[in-house]
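Two complexes follow with subunit A in common, the first pairing it with subunit B and the second with subunit C.
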Partner chain A sequence: MIQTTQQGRRLFILLLGALLVLPAAPGRATVLGATGRTFTLTARADTISTGDGDSMWMWGLGLGGGRMQYPGPTLIVTEGDSITVILRNQLPVPVSLVFPGHSVTASGGTQGMLTREVPAARPGVPGQAVVYRFTATHPGTFSYHSGTLPDLEVEMGLVGALIVRPRGSPNQAYNDPASAFDREFLYLVTEADPVLHQQLAFSCLSAAGCDLASVDLTRRHPTDWFVNGRTFPDTMMDPFVAYLPTQPYNCAPMFHPGDRVLIRWVAGGADLHPFHTHGQNHLVIARDGRLLRTPGSAAPDLAVSDYTTTNVPGETVDALWGPWTGERLGWDVYGTQDINPHTCNAAPGSNFDPVSREYCPDHDKPLPVTLPSQSDVTYGVVGVGMWGGTPYLGVSGDVPPINPASSTQMNVVGGISFMWHSHAERELTTNNIFIGGMATMALIVPVGTAIP
Partner chain B sequence: MSLNHRLSRFHSRTWVGCLTCLGLVACGNPESRAPAAAGTPERGPAAAAAPSLDAPVLPTVEVYLRAEAFDLPAMAFNNPAPIRMWGFAECKEAFTSCGQPTVPGPALGVEEGGTLTIHVINGLAGPYVEPVSVVIPGQAATMNPVWFDPVTGSVTATGARPAGDYTSRVRSFTAETPPDGATVTSYSWTGLRAGTYLYQSGSHPAVQMQMGLFGALLVYPVNSALAYPDPSTAFDAEVTLLFSEIDPVLHDAIAAGLYGSQPPSPPPAGWLTSTIEYRPQYFFINGQSFRPAMPVLPAGVRGGRLLIRFLNAGLSNRVPAVQGPYMSVIAEDGHPYMVTSSTGSVLPAPREQYSVLLPAGKTVDAILVPAAAGDIPVYDRRFGLSNAGTSPGGMLVYLAVAGTAPSQQPLRLSTTRLVFNTAGLRAVTVRNTGISARVITGAEIVGGGANPAPDAFSVSNTAPVTLAGGSSATFLVSFNPTTTNPTALLNFSTNDPLTPLLTVRLVGIRR
Partner chain C sequence: MQTSIRWTMRLAPVVAALLTPPVARAAVFIQCPAPLLTQNATGGSCGAGPCYLDPKNPAASSDPGCVDPEVVDPVTGKPTFFDTCKVRLDPVTGQPSGETTDPTIVCRSITCGDGHVNMADGSDMYVFGFRDVTNAPESLLAGAGFFLGEDGSLTGGAEFAAPTLVARVGQRLYLTLTNVGFRERPDLGDPHTVHFHGFPNAAPVFDGEPMSSFGLNMGASLTYFYDNQYAGTYMWHCHVEAAEHMQMGMLGNLYILPAQDGQAVTHGGQTYTRFAYDDCPTLGTLPLGTPDPMCGTTGYDVMYFLQQASFDPVFHYNDQTYQKLDFANMRDTYAMLNGRGYPDTVNPGVMVNSAGAPSQPLPAIPFTVDAQGVRAPLAIAQGQRLLLHLSSLATESFFTVTVLGIPMRIVGQGAQLLRGPTGINTSYVTGSVTLSGGEAVDVILDTTGVPPGTYFLYTTNLNHLSNDAEDFGGMMTEIVVASAAQ
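And then the complex of A and B:
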């Protein structure tokens, strides 16, 4: 009997191994963006869609001569590279770019408040360009935004992320191995006041042209909150979907038990956002693109564990979430044997199965909760279905009736989901529509399930 | 005078002066100020004990502030109408005369461990006035809160609330100075902590902070080349950036007498019962909103260590950002960032950031080492960058970094100015911050200043003193007044080629 059981376990492990290898390109979930050393960005006007069904007139940056996007293209470069950003302008106002934390030389255009600016576009006049050059001296998470009338132009959308990867260590956020990650996700958080956008659109799209005095930023009252330029639940839709042409980036973290997940927070707006990761704490390892460490230390010895991190306007935070395994939950996250026959073979000296990452001391322990009857649960009329039918990893079950007009079953792989969102709960709305705003659902999927 | 001139690198131990002024209100000349009163026994510990070389004399600093109402003129920063302010004016000893009130109030510089006494007269005038006081968050003091009955508005107690009284509420954190233009209330702090602090009214702060009753307090360690008593906080130059805001609605209501929790019936148009609807329209650094021709702030030299003291006297979060370089954020609320290592040693733990969260009421200190000469923009990343919506404006300044390489002068004075409140002894220390030994070849008192009287002063030690690298020597100067307000110079001659002569200005106060 013992022999048979061990063979069975081996077979299960082999199967899991095969699943891990099977996807042709397992694909490290990584940050979407433009790579290279030279980027041409064009400031243009366009509209975006928000989860309440509204659309908002925006100013944004497009890659090359392409359509503008919100936020601007995420620029992904490598430590030590000399970076050139060429800015062109089709907007009726002057624009510029600043790269906080970088020593930038700018040429062309005219001198502005913070850097050199591209003058406002004028019909029939060839557009000028400003060239910004800097060396990406340090790896880390950074941002860029307009340095011209920044109170107005950042509100209008001229903001983006800059990621500098350490040379030779693409799977680390910094040069220290303590910053290694299995998967990474960008959270560029912003907010907007749709009334200001309406006021400016009425002015700028009229025959008289833009009257900047028609908007008073001291009266700004944001009611829309974004992650990577989208409101919930659009945050979790695929990237580059046709129905969000100016909001290409999503924010849908998916990972396996045991993965080290890097969160790159960029606060792009003008307000503070306390961001909360359900599930477990995150370890804050860096701020403003610098590891938190004492002088002389290579490792982030000043890293702090938190469940809510304040995103300060203009600043960035890198944090490691996980590895999540369900350790010490007191129940088997893969379900009991009657529901999901499986084994847990802890590695020597460890409590974890090296393949499934299951916490073996809790193996086969039932969920200590009596689940409600199927007839007593429902999906909300607005929202996204993250309930997979059971609380167990990799085990799907019957789900409540779904109103296809307002909800979507998003969890067909039996994942466990945690909401990662602004802890300022009013920011979980899109212009007063709940649920929306600055939220995503992080989905833990069983080992063996491919992650796009 | 420049509205933003920084303190000298070797800050005088007892210098009290105006760092910052608002709008078009002129600052007084700090050199003309009498910073200290004639000593009284309880205020003159400096003279009471004969100090040893190991225990430097700790000064008592006395400051005279008068709260006054004044109007910022229209169009000072695109404001269409004058704006009523309440500010502190710095006065001469015993309030014999006062300068102009300013917002922020005069910056006060004192020495760690010393005693600060602020004497206050409340000269607020207008249809609506209030009692005022002074508190310093982060500095210990004996507080005497003032309690009132929220129904009748009358004061019920000062100090502890009487037993059994569960309804009285605090309206002032400490003793009030009534708005009679005459009563002097003295507020004292002993054993001052080093660092950057706000002093502010502790009475009805919801109104009085907005109206402008605040200023900066800078407390220097005994070695005034440090921000805190830790070598990692050494600096060569410093600049103070005090952030504040104005919502003119409250100011207009105060000026028109339309403020109060219990309005007449029916309430007149424009009456405010609280400050809850706070929407600042004007944004200031050191009392100035940005304008294109604004002068830059001198900020030391390329490669030097610039100490930036950020203070937020406004009611909103601010995020000062420097464009380009990083700062080493070293302290918050007057406490340096330190950590205890696994071996038990306490280490500095500065944070490398290009911006810093500056919540309302907080102070943050940072060291910036500019790599190049030029102007570094500092602005609010929460974008308080307009004047009532008109851009550019608001919270933006430029730090002007000079191109000269930092000098390598190893000999440094603990102070360049000694002020004597009374007959007695004061100490001055010469420190050799270099590696090689230097010799102080002589110490001599000569005539100088406004009323040259070298005979009024003498120095304890005139013999040559050899200073090994890292060591220091303390000299005691005694003062025995012979004439009114005598002045002199204490000259140290040295064998250091870069600083052959170090001079301390001596000022005695005698009426």
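And then the complex of A and C:
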């Protein structure tokens, strides 16, 4: 049974529009974020939108004096650099930042429990700042978050990702070539309880400032689940769209067959999220910014392959998905000659065509079964569907309009897609609206179709 | 007028071409390239070749008990087909093996719909689910329409856990799904799918995730095709409206046996002929290499499969009674293995629901099945190794399990042998293992030096050692170690 809202339907139609212009659509070769050595972050309040059509009052971090965003800016730095993060505060509570996995010195502000804090903003009083300094000694994927009342402030949105790139090897996650990637995607997974946000928003309206005692965190019960600060299907929209001004980051993986795809998982919330990658296993090569390897080995010789990896609060995981080629399906995933004339010339000593990356032993083998007629199947879910019209990569076909409100066909390039999502299936909802929550669709397009 | 008629005549062939599908056929149809091997239940002659059922054309079956689905018992007036025509059973699962006259082809046929199962505290639970109908010829399956018939095999609705799917590396699985609809919630009209969770290098057409492909409507069939190339523990479930359909019970075990089985490999002084994985590259499907130190490490004597799942009775009640579903407050209070809570887990038989229909076919203990289908518990002889395919399809909960008194060696994870990229053995011994929904491990329990007796496998999330309010049971089963075989 499907329950949805008008607002939800409107967003799905927007999704259709986003995908219609596929060649210029959402995929990105590298993670979006702020680069450099010095970052100024300002803690501020604002609202975000969720896929059920609701909005939520948040505390977040803005780059410089800009509007806050959820999650905070992804800080992308280079191994060995000395990093300076200047934190300012416009919130009615003290805030701070901790950088797990790094040795940080903090100056300014006042001493809090975990680190130095910027006091609560007070009207008419010049704001203070705390300066955090650390050296990015190790490449890898990390997080940062508030070290002040973190149970409340991280729930409210004061969390972000930190990526340290190996010096001289921008297309590797680590210094070992086994961590090389063609495309990388950040999955910062969080959850939120909208009731807590409402309670806090009401209490902060009072002239006396926020009454934190009015917010009972023991009753925290998250019902919204996010990837990079957005719920599905907003995850699939373009980055930096005007209608999501405080949620700039999308998560819409797109790549070619044979690509090495790096997934950087950051568990930014307080709950476990088992993440399942349809289509192919992923090889977990690192946790918490450290390659999984035996002493003395440069390569991740203790890497583990899996189809679901549980994101544990506070932990990061780097995994190489695929490569996906359609190898050994027992039929030609590009279609037989009558459907899609194409050649497959395996490179010497290989089973794969070096250009198309097709698995040649299955070349020209027909699909072994007859598919049901179009009237016997339902394409997509609640108007969201990415079936290209045929089982074949690069071959578009006729698809009945998936959304009654739209006659447009999504996925016009004959791409094939796989859902990458939380396998705690309850989390595929946004505040009780299915479908939503912690999900993205990865899209594979044929070699030759340009990806931005 | 003349003009109008002529136009009609000219249009007629075009319209006919548009209305006629390229291949004329009914919406319910089975696709299996080879006939199914049968048990020859009547003992008649099958001619020179094997006994088989042709599900598309029973009259062409070689098994004399399978040629006429219309035969009716003169006393009861009921069809006798399912008494006289029995397909072969898998000795581990007790369910149809799907073996055909072609050893490289396995065919299974399942339906999806709704039904009722029994919880271990005696309460009735409304579920969505699947049912194995591999033994039903296409004519009976199609004749059943949206509502299943009264006869032995097609009686009753969904089973929980769903049928266990098994194939061997090198075998192609043709899995025909027929959507018979919900009897109690016909208003929903939901499509369903099969998601083969973890299938390597998958294609969306057979992945069952409906946003990347499509779901199957009521009254129609869809045959999924899987060319199995990699051994390991997988799992399967419906992926349509997954938060609902999975909580409602559309979940099942799935494992692929290695090509290496049948070859004798000695490891640690013991010789094994059955393995969790192709752990010897020189014997299996991996490229030829030097002798592998992991060769034989996944060998076992007895194998079984356990799937964690859990139900929220409030959610099920709401779905049964046309009420709004509360995903946000989903809270599981029945924690189960293979669709049963303790002590039902150790009952080797097929359980029936409150209406007397078979509802829960799978115990959570290894068992044997004789030719009549009678089951008995299977003890592990001291010194033997038990392989467990352990998976979770819980939609809300996370479960840790332990085996009190027997160490657990985890040899595989995510349908992969635990061997690092450079060949390091990354298997490990542990006292417990935690699974999230969608995760699986291969566990070997070595009973060398383990005194004969009954050992308990149970969740250490101790609040889940309960069947809802009944403070006893839940996610627990028994492993019986007998004296060493002489």
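We take it that the second predicted complex is superposed on the first by the 406 of 452 C-alpha atoms of A that agree within 3 Å, B and C clash if a C-alpha of one lies under 4 Å from a C-alpha of the other, contacts with A are read in each partner's own complex, and residues count from 1 in each chain.
What we mean here is this: a residue touches a chain if its C-beta (ideal position, glycine included) is under 8 Å from a C-beta of that chain, and two chains touch if they have at least 3 such contacts.
Just so it is clear, the structure is predicted and the values come from calculations on it, not from any experiment.
Asker: Evaluate whether subunit B and subunit C can sit on subunit A together after superposition, giving fit or clash.
Answerer: fit
Asker: After lining up the shared chain so the two structures overlap, which partner does A:373 touch, if you call subunit B first and subunit C second: first, second, both or neither?
Answerer: In the superposition, A:373 contacts subunit C only.
Asker: Of the two partner chains, subunit B (first) and subunit C (second), which one does A:272 touch, if any: first, second, both, or neither?
Answerer: It touches subunit B and subunit C both.
Asker: Quick check for you: in the superposed arrangement, does A:288 touch first (subunit B), second (subunit C), both or neither?
Answerer: A:288 contacts subunit B only, not subunit C.
Asker: Looking at A:100, would you say it contacts subunit B, subunit C, both, or neither? Reply first, second, both or neither.
Answerer: In the superposition, A:100 contacts subunit B only.
Asker: Per the overlay, which chain contacts more subunit A residues, subunit B or subunit C?
Answerer: C
Asker: Considering only touches as defined above, state whether A:302 meets subunit B (first), subunit C (second), both or neither.
Answerer: both
Asker: Could you look at A:310 and tell me whether it touches subunit B, subunit C, both or neither (first, second, both, neither)?
Answerer: both
Asker: By the touch definition at the top of the document, which applies to A:207: first (subunit B), second (subunit C), both, or neither?
Answerer: A:207 sits against neither subunit B nor subunit C.
Asker: Examine A:150 and indicate which partner it touches, taking first as subunit B and second as subunit C; both and neither are also allowed.
Answerer: Only subunit B is touched by A:150; subunit C is not.
Asker: Just to confirm the geometry: in the superposition, how small does the C-alpha gap between subunit B and subunit C get, in angstrom?
Answerer: 5
Asker: On subunit A, which stretch or stretches are contacted by subunit B in one complex as well as by subunit C in the other?
Answerer: 272, 294, 302, 310
Asker: Of all residues in subunit A, which touch subunit C in the complex?
Answerer: Going by the criterion above, the answer is residues 1-3, 178, 221, 223, 272, 274, 276, 278-281, 283, 294, 297, 299-308, 310, 324-331, 333, 367-373, 375-381, 384-387, 391, 416-419, 423-429, 431-432, 434-435, 441.
Asker: Quick one: in the complex, what on subunit C touches subunit A?
Answerer: Residues of subunit C touching subunit A: 21, 23, 25, 27, 31, 33, 172, 174, 185, 188, 190-191, 197-198, 200-205, 207, 209-217, 219-225, 227, 229, 240-244, 246-247, 319, 324-330, 394-396, 398, 413-416, 418, 420-422, 424, 426, 436-439.
Asker: If you look only at subunit A, which of its residues touch subunit B in the complex?
Answerer: 98, 100-104, 113-115, 147, 149-152, 154, 212-213, 215-219, 270-272, 287-288, 290, 292, 294-295, 302, 310, 312-315
Asker: Where on subunit B does subunit A make contact in their complex?
Answerer: Touching subunit A: residues 232, 279-281, 317, 319, 321, 323-326, 339, 341, 347-355, 357, 371, 377, 379, 381-386, 388-392, 396 of subunit B.
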